[in-house]
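Quick one: structure below, then a few questions.
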Amino acid sequence: MSEKRPPPVRSRFPVPPLDDLPDDLRERIDAVAEKSGFVPNVFRVLAYRPEEFRAFFAYHDALMDKAPRLPGGLTKGEREMIVVVTSAINRCLYCVVAHGAVARIRERNPRLADQLATDYTRADITPRQLAMLDFACLVAEQASDVNEDDLDELRDHGFNDEDIWDIGAITAFFAMSNRLAGLTDMLPNEEFYAMGREPSKPRPRLVK
Amino acid sequence: MSEKRPPPVRSRFPVPPLDDLPDDLRERIDAVAEKSGFVPNVFRVLAYRPEEFRAFFAYHDALMDKAPRLPGGLTKGEREMIVVVTSAINRCLYCVVAHGAVARIRERNPRLADQLATDYTRADITPRQLAMLDFACLVAEQASDVNEDDLDELRDHGFNDEDIWDIGAITAFFAMSNRLAGLTDMLPNEEFYAMGREPSKPRPRLVK
Amino acid sequence: MSEKRPPPVRSRFPVPPLDDLPDDLRERIDAVAEKSGFVPNVFRVLAYRPEEFRAFFAYHDALMDKAPRLPGGLTKGEREMIVVVTSAINRCLYCVVAHGAVARIRERNPRLADQLATDYTRADITPRQLAMLDFACLVAEQASDVNEDDLDELRDHGFNDEDIWDIGAITAFFAMSNRLAGLTDMLPNEEFYAMGREPSKPRPRLVK
Amino acid sequence: MSEKRPPPVRSRFPVPPLDDLPDDLRERIDAVAEKSGFVPNVFRVLAYRPEEFRAFFAYHDALMDKAPRLPGGLTKGEREMIVVVTSAINRCLYCVVAHGAVARIRERNPRLADQLATDYTRADITPRQLAMLDFACLVAEQASDVNEDDLDELRDHGFNDEDIWDIGAITAFFAMSNRLAGLTDMLPNEEFYAMGREPSKPRPRLVK
Amino acid sequence: MSEKRPPPVRSRFPVPPLDDLPDDLRERIDAVAEKSGFVPNVFRVLAYRPEEFRAFFAYHDALMDKAPRLPGGLTKGEREMIVVVTSAINRCLYCVVAHGAVARIRERNPRLADQLATDYTRADITPRQLAMLDFACLVAEQASDVNEDDLDELRDHGFNDEDIWDIGAITAFFAMSNRLAGLTDMLPNEEFYAMGREPSKPRPRLVK
Amino acid sequence: MSEKRPPPVRSRFPVPPLDDLPDDLRERIDAVAEKSGFVPNVFRVLAYRPEEFRAFFAYHDALMDKAPRLPGGLTKGEREMIVVVTSAINRCLYCVVAHGAVARIRERNPRLADQLATDYTRADITPRQLAMLDFACLVAEQASDVNEDDLDELRDHGFNDEDIWDIGAITAFFAMSNRLAGLTDMLPNEEFYAMGREPSKPRPRLVK
């Protein structure tokens, strides 16, 4: 992040300059920029509130950045698929585009994000992933209606308690995220749109 | 919390015994029990995932437990009002009942929570609070529709950027919370229902 | 009703003074005040139209004030439960609060009304009562969709024709009631909020 | 009603034979049959519960069978228009067809009912009647949202308190009626479909 | 169409005089007028765009004006039934009234259109026709949700691929038609309202 | 289309081999393949019904393949934008992906389709285009609600009668198209996903 500064970032609230941020926020942002080549706008916009920024990304990392604990657990790509589908329900442009990019890369499928965002029931996914996304949509749309039958259907597809919690909690976290993006009028960085469109290119490093 | 143990807590996921929790979680829970006289079920249910527990309550405290920064900022009672109204939209029994109790106590109004949960437009609130809740409902229901006119309306009622962020971020956080409660099938503790119904009683200490 | 007059009653239409009412209306209202200790606002607001008042309360009493004809019929408490749940669908503050009070008292459960109003599927009720309320919601929301399968499900829970008519007709009557409350902007009397919150207190006499 | 008995009447509940009815019900039904030439099914189906029958028709008559109190008040035809439009929202076949017949006759317009049932905004009505029907739809769909601006709009069209109450109360009464029809699976008599289709024919006598 | 000219036709766009139309359009319109005795407004309103007019009616005729290919295929009356039901979903007055008239005539049932437009589940139709209309409603409301189970249900009622395509394609075509009517504010000709109401009259010739 | 045959095409109905098609259909398809390098699936799936195929594409070409008649008229790119936005409402994967590709190419903006499909209010478009898309959404969702104020708003942005008809008619046509895609379970060709993603590449020739 030394020479090249990111372009101005759109928000309805003040976006603090990187140099004014607390050290831990700036370090986190520098690390992201180092890996991805740019600073995703969510880091800049949420830095308006450092304490909330810390909790947000601690939560995010706990849910999104872990490999499956056991064979059969949710892959990182599947976690991103949940984000794309439920964010599309909420018409959250930031999350659909940013996490759509990551989903394409993780799943090495350049068409996946467009399918998930428009009609996941017709996407190139497994029946197990379809069940996962059906459940995520229920949590996104009317979580109070979740019942034991819904969990049994997931278990029939081989999901265990850890997986089911992950599906539900990721959906819940992005219910929050989508609303913060709407509140702040955050837009995705231009870089996200093109990422993962070329299946043959070497897999880029990425954050968020 | 020494002699008397809380009753078994309902969840669709394992609820770890208090003694098995990491020290920081147990200390936080003990402190709550000390102040409130009981352990709100959300602490027990979310302890299934300690890392997420830490992020959840760090986020919660950053949003809910601060006094207004400036005269005119959101009071603690108003923050609770936002939770009750938006949780009612999501039919989240835990949050409506638990935060309804806190709202009654903070606002010293035993009728407030019932009004907010059923029809906040007829509650005993100020026009400024009505505008606050209208905005919270918009963020809860379709955050992508928030626009500058909505913010101007809040500003006309004296809300500044800090306040508007608070209203939106509290709503976003409980969009997550409500979904976690639906996922886990969490129920409010019985104690919450009766709290704050007697306007003349001394104000109880409380957490969450 | 002798010394203490009720406070002014809110309505969008003229509220006739008690002394100006036809004798039969005034006698009915005096009897209610005698039993309950106050005059529920619905009596004052609907007195604007004496002929409609008479039909309204004749209908109300035919549906709500009868003991079960046979063992297994709807109890008075169950009738009130239907009112609370379907009035919450319509966001009718008057009916949720006034009938919530009666439901708490009839069922001797201080938590029941809050549960029913927010998410009846998580209330402390029997599977039979849950089926009753599912059916009431269907009648409240799309009565033209009621079909024989719905009635068979009720019959599986032991409801007979008399009971099913009662569930449906009570729901229908309060579909009207809720709309009259919205039309007139009627508010519940403050007394209702506190009634039935103390399970150990002697059961108060009440009307509506 | 002497020689010719009405055909069997469809209901999900027992339909008592005319001869078994209490005298006052039978007399009311005979009077209707005398005037209309047939017994509208609602009379037969609701006779299952004589006490509720009496309250229902007392209420109905109070709302529907009165001439405008003052010049400018709702005509009988306008009252029927409200019933057709709000019953169409609820997809109530009985009320749309039966009251559509009466609306055609009262307004001497053979096309009116079809217009009102499908899209009242394109019906052959006055701007005042359009405002009346807009308000009725609001009461039918979300009465808790009625506010002072809505009433002011009605007043701008010359409606006074008496009229506004009538619009709202008729809508409320048929919110009940529509649900009773759905509950019982009541069908309109065949006679209703053809009534009032011939503008030049002498105006028939009718009930309901 | 020689002596008597049709009355002025309502549209939000210019309605070209018949004499100014290209020959093929005028000939088609003359043929319709010859058969029906009047020119349905849709012909006049869509003539604003001759090229689109040609495609529209070519499409219409391909879907609506064919006899069943095999015994068991959709009758012309059943095709009209689909139009009435799905146009009622879209509150399209033109299509409900114009095709309602044709449905009455084709099915020789003067009550059918009113039933279909208000609540087709209570219409005088066969279980096979009910399944046909359920499927049409699904295509009208959320075609992306159509799945194999829906088709299997149709096959259980004896529909084959040709029939299923017909049901879906007719629904799709009138999804377009209904929107064109809304766009142009087209109204049905008065003649349509009365057609087919007299079951005993000789069957009139008709177009659209 | 000589050596390389397209891959098998998914449909719920028979997909006739190219060699079995009537000459005019095969010629049209060959011309498309020649220009685009592949045969868009819609041509193969709709060929099941040659007569409807002809009407469909005649209609399509009349609406989509014309340059603006006058300066200020809808560009070809704007026509595609309408398709993407309204097809996203209907969750039509085929139309969002296929016409999204064309929109990217026509507008030379590789990010446009993703923005339009998820939240067109945040897309890189002009206020005039935003008004155009707002109107298209109204026609797509409830065309019977279109009124004069809506047209005046378009006129304020410089749209004339020709343009307004185009916006409405394109929306209406794709309301049909989207439903045919859902009926047949048509999927977009893989080629569409990648088209127009590289802004610097020479503009490809394309059809549909």
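Going by the order they are written in, the chains are A, B, C, D, E and F; count residues from 1 in each one.
Everything that follows uses one rule, which is that a contact is a pair of C-beta atoms (placed from the backbone, for glycine too) under 8 Å apart; a residue touches a chain by one contact, two chains touch by 3 or more.
Owing to the predicted nature of the structure, the values given are computational and were not obtained by experimental measurement.
K.L.:
With touch defined as above, tell me whether chain C and chain D contact each other through largely the same residue numbers, more than half shared, or through different ones.
P.N.:
same
K.L.:
Work out which of C-D, D-E or A-F repeats the contact pattern of A-B, with more than half of the residue-numbered contact pairs in common.
P.N.:
Answer for the repeat of A-B: C-D.
K.L.:
If you average the Cα atoms of chain B and of chain D to get two centres, how far apart are those centres in Å?
P.N.:
Chain centres of chain B and chain D, defined by C-alpha means, are spaced 47 Å apart.
K.L.:
Per the centroid of Cα atoms for each chain, what is the distance between chain A and chain D, given in Å?
P.N.:
Each chain's C-alpha centroid was found; their separation is 54 Å.
K.L.:
Residues of chain C that touch two or more other chains: which are they?
P.N.:
91-93, 119, 122, 144, 185
K.L.:
Name, in rising order, each residue of chain C that touches chain D in their complex.
P.N.:
My answer: residues 12-14, 48-49, 51-52, 54-56, 58-59, 62-63, 90-93, 139-140, 142-146, 148, 151, 161, 164-165, 168-169, 171-173, 175-185.
K.L.:
Residues of chain F touching chain A in their complex?
P.N.:
88, 91-93, 96-97, 100, 110-111, 114-115, 117-119, 122, 185, 187, 190, 193-194, 197
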